[in-house]
Every structure is written in C-alpha cells, then in structure tokens.
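What follows is subunit A paired twice: with subunit B in the first complex and subunit C in the second.
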Partner chain A sequence: MIRDLLANLDTLLLWGFAGCAFVSAALMLVLRQPMRVAMALVSCMVFLGGVYGLLGVHFIAAFQVLIYVGAVMVFMVYAIMLLDPRDESAGTSKYSKLYWPGLVGLTALAEALAVGYWNDLPHALRGAAGEPFDILRFSEAFLSEYWLHFELTSVLLVAAVVAAMAVIRENRRHERG
Partner chain B sequence: MDKVQMLQVLAASLFALGLTGVIIRRNVLVMLMCMELMLNGVNLSLVTFAHTMGSAVGAVLVFLIFVVATAEIAIAIPVVLLLVRRKRSLDIETYTDLKG
Partner chain C sequence: MIADLVIALVFIGYAISVLMGFGTILTWVERKQAAVMSDRIGANRAYIRLPFTQVKLVWWGLFHGMADGLKMLLKEDFKPRTYDWYAYAVAPWVVFTPVLLVFAVIPFGGTLTPAKLWAPLAGFFGERSWPMQIATLDAGLLIVFAFSGLTIIGAMLAGWSSSNKFSLLGALRAGSQMISYELVLALTILGLILIYGTVDLDVMVRRQSGTVLGFLPAWGIVYQPFAASLFLAAAIAENKRIPFDLPEAESELIAGYFTEYSAMKMGLFMFAEFIEIAIIGALFTTLFLGGYNLPYMSDAGFALPGGAAVALPHGAVVVTQLATFLLKVFLVCSFQILIRWTLPRFRYDQVLTFAWKFMFPLALANLVVTAVVVWAVRA
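Moving on, here comes the complex of A and B:
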C-alpha cells in the first residue's frame, strides 16, 4: 500500500497541486478584500510552479516564482497597500451589474470541465511524453532561433518603463498647470 | 483522466475563472489580478503541450508571456494610481469619462 503510494507520489502531488491551484483561482472570485485576492493569486501561482516542477520544466517553475510571485505580485501588493484605504466603494457590492456577460465566463468554465470529463484527448496526445528539455536546450533555441523575439522583449520592457515614467510626469505637469 | 488532459482542463478552467472575474468584479486591482490568472491559464496550456511534444517553442512563448505580463503591470499600476487620485475610488463603475 505504502509502496504503491510512493510509486505514484508524482501523480498524487500533481493532482494535489492542480486541485489547490483551481481552488485558489476560484477563491479569487469569492473573496472581498483585494489583499486576500492577491494572496489567493500568489498561492495559485506557487501551486502552478509546483506543477511545472513536476512536469520537469524546472526553469519555468523558477521563472514563475521569481518573476510572477517575486516581481509582479509584490508590485501588486504594494499598489494595494497604497490604494486600499482610499477605496470608498468598499461598502458596496463586490460584483458588477454584468451578471449575464459573467455567465458567459462561468459557461466557459463548465464547458471546459465537461469536455475534460467526457471527451478523450486526440490519440496523438494521449500518454505522449516527449524528450524533456532543460535550460540548455531552451537557451540555445532562444538565442539562436528566437533571437529576434528576445530583442523585441527587451524593447518592450524598455518601452513599458518609459511609458510608466511618461504617465507619472504627465500627471505632475497636469497638477502644476 | 490522463495527466495531459487534466492539465489542459485546469488551464481552460483558470482562463474561464479569470475571464469571469474580469467581467463580474468591480475593483480595478482585482480585475488586473484576474487578467494575470488568464495569462497563467495560457502559460499552463503552453507548458503542457511543450512537455508533451518535447519542444522548446512553448517554453519560449511562456517566457515572452512573462515579459508581456511584467510590462502590462508596469504600465497598468501607474495608470490605476492616477485614476484613483482623480476619482478617489477603485470602483470600475466610477470611470465613465469615455462613455458615449
């Protein structure tokens, strides 16, 4: 019994991480406080990092934790700490009036779950597991075949930083004028 | 259920939950976080297929999505800060200046 469990530990952990990620994502729709929503998203991202690690793509798991949790979500948490006390809509309903469009999203969720439960994958994908790729193969592909994309991401990041500074400066000019 | 199938269902569910959150939540910051959840769903789908096919293309795309998400947040947070300064609210329904 214990040997069987240990033999399937990877699968069990994968299902556990996937289930926890789904629950954390669902909590984001239910929780009221933005900080709690942010913590639910952080836990969802960490569980997804665990899923990536179990799939053998460790460098993406590391990127997930370092970039998403360590940079994006920390920035988001700073913004929540800065803005939350000013939020005067805290006493009103947390949901918008767009119930019918919201149903579209819930229908998409139900469809995804139903299709996954009742339909099988195409034969070519079922049980397939290609040769796992490591950071070396990823880096070679990235810097040889996809070097233009690499350069474009650098340009995009610089453009984002310049745009963020421009937004702040424009606002200061507006306030002085 | 197969492992790949389960992960694809999870990816689609995360995308659908994020989409629902963007539509029905009123807080601008929560809406931004729901967009991040949608990106995470796409990332999971790409990683699963890259793992299944043994191809590095999916991983390259995931890396690009990481950068796009970072750039998106770097722009979105200052814009939200300025909006809150002017409107004194995080409620999306108060931002009606561009309404026709």
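Moving on, here comes the complex of A and C:
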C-alpha cells in the first residue's frame, strides 16, 4: 500500500498542485477585493510553478515564479497597496452576483473534464524514459528558434509602456484644462 | 524509492535544524558581538538554576534566546482591527516560508554513500550515493531568486493590511528597496554564471575545488572579488538590515511594516530576518567561498598544489564538509553583523540612489568585463 503510494507520489502531488492552481484561479475570478484577487493570482502562479516542476521542467517552474510573481505580481501588489481601501466599489458585495451559477457551472465543467480525460491523465515525468528538458536544451531552442518572438514581444511591451504614459499625459492635460 | 524518501527526510530535518539553530544562535551573536565591539559585557542576565542547588548556569548569556522565545510565545497576541484580517494573518508566513525554501537548493555537503559510512546500512541503502542537497535541480540559482522574490510580497502585504500609516510607509519602502536590490543581486551573479557555465549550485561548488595560478584555490571570490563585495552589499540591503534598514527604521517608522504585529507573529518577522542572514551566508559560501570544501579539497580528499595528494576515508570527508560549510556560513554571518554594528543608517533617497546609480552600473560594468575576458580566454 505504502509502496504503491510512494510509486505514485509524483502523480499525486501533481494532481494536488493542479487542483490548488485550479481553485486559486477560480477564486481569482470570484473574489471582489483587489488585494485578495492579487493573492489568489499569486498562489495560482506558485502552484502552476509546482506543476511545471513535477513535470520535470524545473527552470520553467523557476521562471514562472520569478517573472510572474517576483516581477509582475510584485508591481501589482505595490499598486493595489496604494489604492484607498475604503473605496466603496470594492466592498459593496463581496462576490459577484453570478457566484452560485458560476460555481455550479465550474463544477460541471471540472466533472466533464475529469470524466472525459480520466484515462488519459498524464503522469509526472520524473523517472520516465527520455531526455529531460534541461536548461541546455531550453537555451538552444530559445536562442535559435524563438529569439525573434521574444524580441518582438519586448518591442510590444515597450510600445505598451509608451502608450500608457501617453494616455496618462493626455488625461493630465485635460484635467488642467 | 523508500531509501530516497528516507534520505530526503533526513536532509530536510538537517536543513531545518541548521536554519533554526542559526536563527537562534544569531540573535545571541548579534547582542554579544555588539557588546564586544563596543567594549561592553553584553547579555548575561538570563540563567538556568539547577534544581535544589544554588548553581546558576549563565553560559555567556546563551539562554537569552530561550527567554526571548518564551516571552514571544506567552505575550498577548494583540490583533488590530484591520480591513483584511486574512492578509494580516497570512503575511508573516509569506515572509517566513520562502526564506526556508531557498535552502532546498543549496548543497551543504558533497556526496553521501551510506554504505561506506557504516557497513550494515548497505542492506537498506545498497551501494547508492546521494548529493547532500535537498533538491538537486539544474535551475538551482533561478529557484533561489524565484523564492526570494516572494518575501517582497509578504512584507508589502504585512504593511498594507495593518491599517497603520507607519506600516504602509514601511511597506512602500520595503517594496521599492527590495525590488531595486534584487536586480543588482542577480546582475552580480551573472558574471559567475558566465565563468562556471551553469546555474546548478552543486556543479558550481565542484568547479571551485581546483586551483588558479597553481596555488590559489579556484574560489568564486578569486575570479570575481568585485562581484563578491557587490553581492554582499546588495544581499544585506535585500535583507533590510542596517545600514539599509529604512523599511523598519525605528526613529522614523516605529517598526515599519510590522509595527502592528505582536508576540510570535512579530517573532516570525524577526526570525525570518535572522535566518536570512544565515541564507545569505550559505549563498555567499556556495558561490564565492568554495562551498562545503576546504581549499584544495574534493570528495576524494586533498590534492595539494605541490602535487601531493591525501586520500581521506568517506566518513572523514562527509564530516569535514558538513563542518566546513557550517563554519564558513557562520563566519559570513558574523561579518554581516560586524557591518550592522559599524555603519550608520542611510537616508531613504540615498538607499535607492545607491542601488540604481552606483551599484547597478558597477554590476553591469563587472558583467561586461567578465564577458569580454571569458570570451577572450575561450577564443
């Protein structure tokens, strides 16, 4: 029994992390208070990192937490921290009005997915045959195949930042009259 | 499979007891070293009296840590009325847990072969050997940064959820300071990654067991002395200790982002800070001071510069490596405390200027020079 459990420990953990990621993603949609939404997103990212780690791609897991939590979410939390917590719009109703219908729909969807794919559940890759996708292979693929996509994305991000600044400037000009 | 689990549990138990031990001892070292530096006697009042005798064990004030812990556990657990009790309750743990998790990828010894330590163990473990590290991951250094990024969120959450203006200001300062210095910290290490060609911490330690110029140990600090000093400065700033303790500057913000925390919840913040001193020590040791090896030492024994080699039995190697690692970490911790009692606090704008206009360009310059040299040597 214990031996069986140990042999499938990776898979159990994988499904544990996946379930937690799923629940926090759902919480992120349902919750109303900005900081709690941000926290739900943070935990979703961390659990997804755990899923990646168990699938054997440790550095993708590290990047997932490093970039999404360590960089993106830190800035979001920083901004939310400066919001007025007594803002009425966040506190009027704790959850969206579609809370119960949403929950029922979500359960139905989860059940449909689980029933439909029960036999095709992926198992954790650690110990499975085949070369692990390590950082060397990742770097080669990244620098030979995907560098253009990456650079294009950064250009897009810079454009977005410039656009955001332009919008703020424009608004300020209007406020001054 | 069960052998793997047993080994993992043993390593995890060792790591947790080492970190907790360092956390406790460092609270004492901080007081006693401060006393030594300012020519005082320091903490010497707490004692344990042997039952039914008048014998009082003082032991240089070592029991003060126990007294502190008891006080924190027994104090009233004051809870302020906040707008988010959940965030308030969870914040100390968001600060504390990642600090412990970082240690998972740090190697605290070479390879362990239980069968060679004690022959009867071969029946259970076979002839297998394990690297003395909780998680052997190819992304080691990235994991360190991923987890240390999480503590920023904890500090901001604590300050925000306390509904206190001092706390909020402390959280703002903590957020911007830690973001700035984390960048510098990562940049200083890039040079080492270029030299060693890996982010796996265990491989990095093994690459440091050779020699440079025939006699110098091939430690990171020999290759990158400049990066080492930048790393230590940025790491102390990341840990928010004097001279960078603006987020909790008592003369300005009472206790900054954890002003509203009392009893053991405040203790968790303090404890996380002391454990992080040990984590910085462990990282510095691993990256720049040859990790768990003495100079000229590897898993097989010593290979001295003259060409002489001394082979050591497996048990001696394991014990030496464990002890060397702890000693090096302790020395780096002590050095950090030395800095803490030497320098005065910066002004807040100076802290950020120092990060962005002084350390950041220097770290970049160090990286460029390293890249050019590595390229020239390999070509």
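The rule is simple: the second predicted complex is superposed on the first by the 131 of 177 C-alpha atoms of A that agree within 3 Å, B and C clash if a C-alpha of one lies under 4 Å from a C-alpha of the other, contacts with A are read in each partner's own complex, and residues count from 1 in each chain.
Following the convention adopted for this analysis, contacts are C-beta pairs under 8 Å (C-beta built on N, C-alpha and C of every residue); 3 or more make two chains touch, one makes a residue touch a chain.
What you see is a predicted model; the values in this text were computed from it and never measured.
Visitor: Counting touched residues of subunit A, say whether subunit B or subunit C comes out ahead.
Guide: It is B that touches the greater number of subunit A residues.
Visitor: Thinking of the overlay built on chain A, is A:Cys20 touched by subunit B (first), by subunit C (second), by both, or by neither?
Guide: Touch partners of A:Cys20: none, neither subunit B nor subunit C.
Visitor: Mind working out whether A:Arg137 is in touch with subunit B, subunit C, both or neither, as first, second, both or neither?
Guide: Once the two structures are laid over each other on A, A:Arg137 reaches subunit B alone.
Visitor: Report for A:Val65: first if it touches subunit B alone, second if subunit C alone, otherwise both or neither.
Guide: In the superposition, A:Val65 contacts subunit C only.
Visitor: Is A:Tyr99 touching anything from subunit B or subunit C once the two structures are fitted on A? First, second, both or neither.
Guide: So A:Tyr99 only meets subunit B here.
Visitor: From the superposed pair, tell me which subunit A residues show up as contacts to subunit B and also as contacts to subunit C.
Guide: 59, 63-64, 71, 80, 82, 86
Visitor: Tell me, which parts of subunit A touch subunit B in their complex?
Guide: Listed in rising order, the residues are 11, 14-15, 18, 21-22, 25-26, 28-29, 34, 37-38, 41, 44-45, 48, 51-52, 55-57, 59-60, 63-64, 67-68, 71-72, 75-76, 79-80, 82-84, 86-89, 92-99, 101-102, 104-106, 108-109, 111-113, 115-117, 120-121, 125-133, 137-138, 141-142, 146, 149, 153, 156-157, 159-161, 163-164, 167-168, 171.
Visitor: Mind pulling up the subunit C residues that touch subunit A in the complex?
Guide: Its residues touching subunit A are 1-2, 5, 83-84, 86-87, 90, 137-139, 142-143, 145-150, 152-153, 156-157, 159-161, 163, 168, 171-172, 175-176, 179, 182, 199.
Visitor: Over in the complex, which subunit A residues touch subunit C? Could you list them?
Guide: The contact residues of subunit A facing subunit C are 3, 6-7, 33, 35-36, 39, 42, 46, 49, 58-59, 61-66, 69-71, 73-74, 77-78, 80-82, 85-86, 134-135.
Visitor: Within their complex, state which residues of subunit B touch subunit A.
Guide: My answer: residues 1-10, 12-27, 29-30, 32-34, 36-37, 40, 43-44, 47-48, 50-57, 59-60, 62-64, 66-75, 77-82, 84-85, 88-94.
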